[in-house]
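A, B, C, D and E label the chains in the order they appear, each numbered from 1.
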Amino acid sequence: MTTAHRGNPVLLGSAGLAGLLLIVELLPRLGLVNERYLPPTSRIAAALADEAATATFWQSLGDTLYAWAIGLLIAVVAGVLAGLVIGSVPVLRALTASTVEFLRPIPSVALIPLAVLLYGTELGSTLILVCYAAFWQVLVQVLYGVADVDPVAEETARSYRFSTWGRVRHVLWPTALPYVFTGVRLAASVALVLAVTAELVIGAPGLGKEIATAQNSDAVATMYALIVVTGALGVVINLLTRTGERRLLAWHQSIRGEVAV
Amino acid sequence: GSDKGSGDSGGSSGGVDNVTVGVIPIIDVAPIYLGQSKGFFKTRNIELKMEAGQGGAAIVPGVVSNQFQFGFSNLTSLMIAQTKNVPIKAVAAGVSTTGVQGKDFGAVVVKGASPIKTAKDLAGKKISVNTLKNIGDTVTRESVRVAGGDPSKIEFVEMPFPNMPVALDKGDIDAAWVVEPQLSTIKAAGGREVASTFVDTDPKLTIAAYFTSQKLLADKPDLVKRFTEAMNESLTYADAHPDEVRQILSTYTKIDDKARAQVVLPKWPIEINKASVQKLAELGTTDGIFASAPDLDKLLP
Amino acid sequence: MLEVKGLRKVYSSGNREVEALRDLTFTVDNGDLVCLVGPSGCGKTTLLRCISGLLTPTGGSVKVNGNAVTGPPPGMAVVFQEYGRSLFPWASVWDNVELPLKQKKVPKARRTQLVEEALDAVGLTGTGKAYPWQLSGGMQQRVAIARAVAYEPETLLMDEPFAAVDAQTRADLEDLVRSLWQRLKVTVLFVTHDIDEAVYLGRRVVMLSSSPTVVQDELVVDLPAERDQLHTRADPKFVALRTRVYEQIQLAKKEAAVQR
Amino acid sequence: MVVLKRILFVLGLPAVLFAGWFFLSEGSESFYSPPLRTILTAFGDTWKPDRLLADVVPSLLRLFAGFLLASLIGIALGVAIGLNRNLRAVMEPVLEFFRAIPPPVLVPVIMLFAGIGDGMKVIVIVFGCVWPVLLNTVEGVRAVDSVVLDTARAYGLTGPARLTRVILPSASPRIAAGLRQALSIAIILMVISEMFASSNGLGFTIVQFQRSFAIPEMWSGIILLGLLGFALSLLFRLAERRALRWYEGLRAAQRRAG
Amino acid sequence: MLEVKGLRKVYSSGNREVEALRDLTFTVDNGDLVCLVGPSGCGKTTLLRCISGLLTPTGGSVKVNGNAVTGPPPGMAVVFQEYGRSLFPWASVWDNVELPLKQKKVPKARRTQLVEEALDAVGLTGTGKAYPWQLSGGMQQRVAIARAVAYEPETLLMDEPFAAVDAQTRADLEDLVRSLWQRLKVTVLFVTHDIDEAVYLGRRVVMLSSSPTVVQDELVVDLPAERDQLHTRADPKFVALRTRVYEQIQLAKKEAAVQR
């Protein structure tokens, strides 16, 4: 296939980020926005350096990552299991469809009083919100993935009398895997968003609480610095899931195109 | 409640009570941090831990469910809770106005070039408050009323304090009801104060209080008593040592050094001024914030 | 014994209703090798799907050894016409062949042996590590055949399994099927559109009519059991048989044309 | 008969769950989790037509605007990124950066550019729910069958025709998955956006109830939110069924098995 | 004129490197009908994809009328070996055939006529409204053929286009291709694994060796231009030609075996 010249993805990605940094530096410098509300990149970087020198920052970062990781893990495991089971048993799918649709749009943030009631500002509160929001992301993707199984592949497995487990393991799972990855990538950032939001609103320890404090204190550059940290976490997390994806989905059409000639 | 963590009021070891207090990380709660560092709580066998929440939404349920043993909230919110029979009770004063016109820690401000000159001009304007149907609109209306304007025509919009300087600057709002440190920020950018709303309402207005749950009050009256004592000592100390207050701010807020030296500090009397709260209650009832008139005897100590 | 009785299948999806099979009745004895021929679109694939329990018939019944088929019966292997899609793209060629054996709980050592032999037999020695989509069409089809062969089924259903391979390979594979059949006493039902192939391979040939489909004719191939590509195909008896089949199918098509 | 079964399937589990909630919460003393009976009474008292008109309609309008905009942006950007490897490499880190930023903390920044009106809220919704559409579109576009692509190229299906006749239909099942997910996130963000600088809307009302300790009313709002989500998803499902008839047929065709 | 010169293609994905084509050189004159035969997996599909500009060769060149091929040249139609996957599942049979014509900006009335004629010619009258996945394998393949036929190409590349259809239909389609070729003066490159088909159809036959692939042999089919299924196939000249092709392919296979 004749494709356009292919650049180094890492270089191109860095160029993209550099472009963003440049824009943020220029917007206030050129007076397009008031720099008291959007400080230039250099000032944000300075504030970030100041933050990075404090122990509180690292403690908060750790707290956020911890809540994120645990919450995401629970959500992914639960979402995948539920998705495979519900997706492969038509009756279950029909039975649960309405309930899923009912529960899914209830925002985690609306559950904050409930979470605080149960866990105060402990980790548990953040976890409830993170799990609740991330779970649906995974579940829905897995449901779509299960529905995408190629009937001929499925029949092949059935004709060779694959056990139910064998069909799940060897047909359902590989078909759903690309969807699971999208689900995990969606869930990973939703989990991060919710972890930070929960900290922000409830005040559980973590980056979100630091952001809230910075906002309340009118420390604009510091607030942006912390936002940047959140975004950077997202970039790193995506990098990790991408790597896993490339490894596990080498056979898939979407990846094949990248590797083959 | 859970048995892990310090959240449990039963968590006393060797006669020391582990106490968690839900606070908003703003200037108002400086005394409790100062008192903690001075050891006012420790000497009364209280091991203190602060949890920061964004306002009553998180703190009140935390106190009711005993996740927090005490909480900090403004009195209007506490009175709303009281009218809904939320089982809580105020145990110590939180923060009060300085009582000085033009030199309070909260005010309504406008842009320097705004045609609004006095509180009277605020009638019919768009004013931001941090929470609708709460203390902000009550006291702002009162300022307008006192100045001879028509408070019924004000359009209040809700937005977080940190966003108000931007909104004011861009002209999204005509005026902002803000507290420190945003008040200083706006003034430094050329903003102009048009009403010292707390002072207009009552020069001795008590704005917020520390509270606990009815249940803790019944189960551990002694703990509550010790907390109140420690709190009062902290308030008194903070009132007397503004420099130390400005210092302690650096530990739990991110207000930069310059702003910390400049912000107007509130007053921290130990008495909850009942008359002023009564006024707040009446104003709120007039404005329709309370479904029924709050019963202050049930709420205040 | 495989019994098909009054089988009927109507596809109705949305506004389209197609009566793919009208009324099919025939039996296949255990250990027999039956070839099914019929015009394109007459319902051969549909029939195979019903027999393998993958499709529920609209009417009639399919029985294997007296038991009604409701799902894929044990010991049955199917080579699908859509070989490309029947291979798992996420598994290597080796894994594709080995997977059903794993499901059958064949021990590891035996599995390795079976897979190796099967890949050799279809001329794919050494491609085990490739993915199916790295292979040519004919090679993919042979992977699907290897999978069925390695499975050592009691009943083997094959749906135009040699459509994508070259003449020489095809001849080799035909001989492979016959030797497998003789060696393992497996029952084979073989769909093909190649009349010579049907006659060369089968012990019996079942001819289907055009849609709506019934059994048009049936014949026993009374050629010697030992067949080879050169002599058998030159045998006058062979030529006579293939002519008969050819005529029947022509007839079927004409009848269909008249009905329209 | 069939209809009856469908209704049973749709309402069965919710009915059981609500019944469970009803009986378990009966006699609850907890201030924050009142009996369902009380909540249902509050529901009837609270969600009168004028309130629905004043609070739910503006919310819905913003929701639709945000969802529509997010769909357009997500699909357009997703197709571009999915088709162009270099563009994907440039954009991915930047997009991931923004995706990880919680909408609530972005509100100040968005207010900077969009003020505090409906525009701000719509942007918050777009910002939050564009991601599933974008990601799924990218993946869907990347997964178009190679033989299909070759066929299109060989027959000169290029430019807009390639896009509308090949890429989009082929990716449509995945795009639908993304849209569906976006819809429920849009509802969530509708609520979140109304927590800031708002004076009407369902989210605003729920938060207002929460702040004023009107707990049964707050719960009734959450239930309304769920019902709304359910209704919208039904609508979506209807549209999806229509648009993806070929896909459902393709999958169902050979599934009508034993 | 179509010129293939020193064509080489190496697939390298991950750890696997396959030299599918080593060094291919041949030309096809405008208006010629050339059949390509060769063992399964020798690179016929690869070659066709290089010629149609869908695959970039590793070495050598492909030129159409003197212009190097970098993408699909205009006026070329391709029938893919993977017929099932080459049909758009979201479009009806009719739309599948009509779409390329729309792209070519053929007026509506003419389009309708072309699609109708093409579907008739392949024996699919009246299936326009069905989706491809509602058709049998052979019917799907015929849709792909109809699409190419309706396109009225200058060059027609076909990759084992009759693999899935029955003998009778196959014979009809062979005659369809020949009449098309004669009527429209279209240049045809036809890949098949059926030697008889290659000789019956082609004006020339190009034989490829086993992998790594070169042109093994080439011959001109000096049978009369007017051919028919019965007489041509019985012609001793036909038999001689097919024997020659057969031998060459046998030879190619043996050489490959020796090389290993």
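Quick note on the criterion: a residue touches a chain if its C-beta (ideal position, glycine included) is under 8 Å from a C-beta of that chain, and two chains touch if they have at least 3 such contacts.
Values in this document were obtained by computation on a predicted structure and should not be read as measured data.
*Asks:* How many steps does it take, at the fewest, to get from subunit A to subunit C if each step moves to a chain that touches the one before?
*Replies:* 1
*Asks:* Would you mind naming the chains that touch subunit A and likewise touch subunit E?
*Replies:* A chain counts here if it touches both subunit A and subunit E, which gives C, D.
*Asks:* Please work out which of A-D and B-D is bridged by more C-beta pairs in contact, and write that pair.
*Replies:* Top pair by contacting C-beta pairs is A-D.
*Asks:* If you average the CA atoms of subunit C and of subunit E, how far apart do the two points sit, in angstrom?
*Replies:* 26
*Asks:* What's the distance between the Cα centroids of subunit D and subunit E, rounded to whole Å?
*Replies:* 48
*Asks:* Just curious, how far off is subunit B from subunit A if you go by their C-alpha centres, in Å?
*Replies:* 36
*Asks:* Spell out, as numbers or ranges, the residues of subunit D touching 2 or more other chains.
*Replies:* 32, 108, 112, 145, 210, 249, 253-254, 257
*Asks:* Can you list the residues of subunit B that touch 2 or more other chains?
*Replies:* In subunit B, residues 57, 61, 64-65, 160, 162, 166 touch at least two other chains, as defined above.
*Asks:* Can you list the subunit C residues in contact with two or more other chains?
*Replies:* Only 11, 13, 49, 53-54, 71, 82, 85 qualify.
*Asks:* Spell out the part of subunit D that touches subunit A in their complex, as residue ranges.
*Replies:* 9-14, 17, 30, 32-33, 84-86, 89-94, 96-106, 108-109, 112-113, 131-132, 135-136, 139, 142-146, 173-174, 177, 180-181, 183-184, 187-189, 191-192, 195, 203, 206, 210, 218, 221-222, 225-230, 232-234, 251, 253-255, 257
*Asks:* In their complex, what parts of subunit D are in touch with subunit B?
*Replies:* 31-32, 107-108, 111-112, 115-117, 196-199, 204, 207-208, 210-215
*Asks:* Over in the complex, which subunit A residues touch subunit B? Could you list them?
*Replies:* Per the stated touch rule, the residues are 34, 36-37, 112-113, 116-122, 124, 200-204, 209-210, 212-219, 222-223.
*Asks:* Tell me, which parts of subunit B touch subunit D in their complex?
*Replies:* Going by the criterion above, the answer is residues 55-57, 60-61, 64-65, 77, 80-81, 84-87, 128, 131-134, 156-160, 162-163, 166-167, 170, 172-173.
*Asks:* Using the touch definition up top, name the residues of subunit C that touch subunit E in the complex.
*Replies:* Residues 11, 13, 15-16, 18, 37-41, 43-46, 81-82, 84-85, 123, 129-130, 134-139, 142, 160, 163-170, 193-195, 246, 249-250, 253.
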